[in-house]
Amino acid sequence: MIRFENVSKVYPSGVQALKHINLEIQPGSFTFLVGPTGSGKSTLIKLLFREELATEGNLWVFDKNIELLSPSEVPRLRQQTGVVFQDFKLLPQKTVWENVAFVLDILGIPKAEQKKRVQGVLELTGILHAKDFYPRQLSGGEQQRVSVARAIVNKPPLLLADEPTGNLDPDTTWGIMKLLAKICKTGTTVLVSTHNHSVVERMKHRTVKLDTGSIVADSGQGVRTLGK
Amino acid sequence: MIRFENVSKVYPSGVQALKHINLEIQPGSFTFLVGPTGSGKSTLIKLLFREELATEGNLWVFDKNIELLSPSEVPRLRQQTGVVFQDFKLLPQKTVWENVAFVLDILGIPKAEQKKRVQGVLELTGILHAKDFYPRQLSGGEQQRVSVARAIVNKPPLLLADEPTGNLDPDTTWGIMKLLAKICKTGTTVLVSTHNHSVVERMKHRTVKLDTGSIVADSGQGVRTLGK
Amino acid sequence: MASETHLPRQMLYTLQQSSQNILRSPLMSLIVVSTMLIALSTLGFLLLVMSDLNHMSDEMATQLKIVVFLDDQQDIDKIAGDIEAISGVKQPLVKVDREQALEMMTQDLPDLKEILETDNPFPASIEVAVTSIELMDDVGESIRGLVGVEDVQFNQELSYQLEKVQNSVQLVGAILAAVLILATLAIVVNTIQLAVHYRHTEIEIMRLVGAPHWFIRLPFILEGLIFGLVSSVLAAVLLLFWRVVPYAQLRQWLGFLPLSDSLMPILWISGLLLVAGLGVGSLGSLLAVRRYLRLEV
Amino acid sequence: MASETHLPRQMLYTLQQSSQNILRSPLMSLIVVSTMLIALSTLGFLLLVMSDLNHMSDEMATQLKIVVFLDDQQDIDKIAGDIEAISGVKQPLVKVDREQALEMMTQDLPDLKEILETDNPFPASIEVAVTSIELMDDVGESIRGLVGVEDVQFNQELSYQLEKVQNSVQLVGAILAAVLILATLAIVVNTIQLAVHYRHTEIEIMRLVGAPHWFIRLPFILEGLIFGLVSSVLAAVLLLFWRVVPYAQLRQWLGFLPLSDSLMPILWISGLLLVAGLGVGSLGSLLAVRRYLRLEV
């Protein structure tokens, strides 16, 4: 599903965010990405849907070397990848409902079908009551849940979640994490970056640990977490 | 220092974010504000520096009823209040250094003095290496630390931190929390909203718990946390 | 591209997005439309004024006369008929027979009149006006060629003078119009770019969640078209209003000037503004959105 | 307000902020300056053209002559001296004595010449040009009052005609200038508002961390002033260039038209553009920032 081959990323500012990453992620697996702030978790995720381009190495996603995608192929890649952004990235001029429906609009899904699906995910993420509000009218945690809802609404084969529970209380965090695990069960490959160690420890999934751009620990293809 | 008298807040959207809040916070104390997402923590904090106005009740800060402040008195209030925003609110066109120095510019502090102070807080928050970067060039956790640095740089008598560690790893979280506690020791009144229960439990400060806009628990004026 | 079955849905979606964007950023929309309105109506006003000046100077030109002196033996009415047949000649002609000519020439010189009473040396003449001052020379030449015409006189210097004035007004008007057309286009494109710039985070987010270029672009282009439509129609209404109310007043005050009262110019100018508005509106949007889409890695 | 000791520091800070803002949003700055430049130079161009048209029609007017007929016994040079003393009379005068007059009047009528050889009824005359066409009537009247002047003739109808043309060109020019000045102001204010609008998050953040209004406003206003300064200076340079290169060409091609080659109008127009640029730049910023600051609860 995903294969990093000696991937490095140096930002134009000169910061080396990733150093010679080699990593393989199996289809349908659930992987945690952990590491101190600034260790390169978000950068690694951004490479996977071409928000950023690697400066070295090769990166396969969906069996394609995405470093070689032409600009016109990029939207297709992104349509197959649900992303929960660390900073939410909700469209400010659209309501909660419209934000989530937007990705279905892109796919040309009929309104009736959209309605069913959007309603479903907003219920799952517990934010249906706010469906007619604009993002600026929501609390931090509510915005984060909308971002989760948008990422999963079109049932993408790949789901990337960058710190999806940073603004959530422990109960809601658990709810979202269980939701992600459930989605993984349906065959979706899930990659979650997080600082929440108690979640990582309790969920017992594969865990990859980054530090200053390198992988310093990997619990392996199995389903065990790293030892604390 | 702070006194809420029957304060309620209804947003124009009709959402009642706070219901009849009565709360007193002593000068120089350290208080945690906890509660599920959407329970009104950010709203309560926003009232304290007049980002929002209460729709009912009275609110005293620095022995002034701030509901009655004229628009021209608001900047003074905000200059005495350091705020770590949940969404950072860094100036996108200014570097890390300039963002932090900006609040000293407002106070008309000479450049030489600014230099010393900015350098100091950037070191304390561990972000000095990024001083010439723009916010968009930083990771989530790095931006959050800049926001903390800006809030404390002018040594305000009141410090409000809204989820200041949501994007930080456990080690950095502890560093920031200890920093806030140290600042509190110098006489600053500190109010921190957070979802991080392990921090709240370990730090043993007064803890106020909100739920759907009401105070549902308060460990009292002492320094003990709520029982889980 | 949208598959065929998606096309009507896509059109509906685009229309809905555009109107949403316009209505949810009312201040933005207002600023863009008002800038376009101001630019287009200034342009329209200049074009209208030029068209009116043209008409007016043509009118004035017809007050300059060609004087045609006749052979003594000719029938003045027959020659007048010949002259009227020349294209560019304005009806009716003014005929002066020999007696009237003598009368006119000698009215200030009673001495001379006595001398000439018996032997009138002045020929009959016809005064001819032309419909446009450039025709003066040609018409004069044609008349000179007619049988029975002894001499043709007109103030050539003066007609050249007036023609120069007309030409220079037209030249200057054309330069001004060209400058203003370019300025209008550039300003409107700039303004729309600023408005799109304002929404670059939105564009960025749309791209990140997988929206293809055309999907992002279409609503912006339609928005530009709507802005162009609204502002050019408003500009046309303004021009019409100017013509019907303040200009009508002006015509009364300036009764001595031959000001046109035709609504025809408004018609073609409005058409032109519509084309310009739609063109610039969509072009501006396209250029601006492209700038952000080109950033695609 | 800033306490006295802070004032120089505040000024330095403001200047530094403004230049930072301009340089860190180069696209934005470019769009704003180019819009202002286009608007101001269009305005300047119109004003220049009007001033030139004015000059040109004055020049043309001097080609219309007043003919002064003299008493038979007068000394033509003495009266010419009297006429030259009248203000509005253009030097030199053209003098026609009695013999020249007879020659001119009879050159097409050899019969008449024979008859009049011994008894010349035509008076001596002086042709007078005026410096501006409005003076025609007054100068004519003054000359009529001179001793030794028998009659004064000039093509009154024609002079009225030309005056009408002049007046209408001036009137239309003034209306156009007024329209364009208003349009320029409105467009520039709009554009700056869009640019400020773009930065409303910044303004909001500055407010939230305690920046007083004047502290936020000053850099914006200074920025508006800088934009105004840069674009009006550039507009003046453009005008100067137009005058020195393409216009000079035009004057050669249109040699028959009395086109002005003075650089004077550029001077006052540039001054005016500078004032307009600075005024509108700062006003636009002020209005736009105020809109956001007024939201303060």
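Think of it as A, B, C and D in the order they're written, each chain with its own count starting at 1.
Keep in mind that, in the parts below, contacts are C-beta pairs under 8 Å (C-beta built on N, C-alpha and C of every residue); 3 or more make two chains touch, one makes a residue touch a chain.
This one's a predicted model, so the numbers in the text were calculated from it and none came from an experiment.
Note on connectivity: the fewest chain-to-chain touch steps from chain B to chain C number 2. When each chain is reduced to the average of its Cα atoms, C sits farthest from chain B. Centroid to centroid, with C-alpha atoms defining each point, chain A and chain D lie 65 Å apart. Centroid to centroid, with C-alpha atoms defining each point, chain A and chain C lie 61 Å apart.
In whole angstrom, the spacing between the mean C-alpha positions of chain C and chain D is 23.
For the pair chain A and chain B, the distance between C-alpha centroids works out to 29 Å. If touching chains are joined by edges, the resulting network of the protein chains shown is one closed cycle, each chain touching exactly two neighbours.
Pairs of chains that satisfy the touch definition comprise A-B, A-C, B-D, C-D. Touching chain D in their complex are the following residues of chain B: 49-53, 71-72, 74-79, 81, 83, 85, 89-94, 102-103, 105-106, 108, 110, 150. Contact residues on chain D toward chain C in their complex (touch as defined above): 27-28, 31-32, 34-35, 38-39, 42, 45-46, 49, 52-53, 56-57, 60, 63-64, 108-109, 111-112, 115, 119, 121, 151, 157-158, 161-162, 164-165, 167-169, 171-172, 175-176, 179-180, 183, 186-187, 190-191, 193-195, 197-198, 254, 256-257. Every residue of chain A that touches chain B in the complex is listed here, in rising order: 11, 13, 15, 34-38, 42, 86-87, 133, 137-142, 144-145, 163, 166-173, 195, 197-198.
By the touch criterion given at the top, residues 2-3, 6, 9-10, 13, 20-21, 24-25, 199, 201-202, 205-213, 215, 296-297 of chain D touch chain B in their complex.
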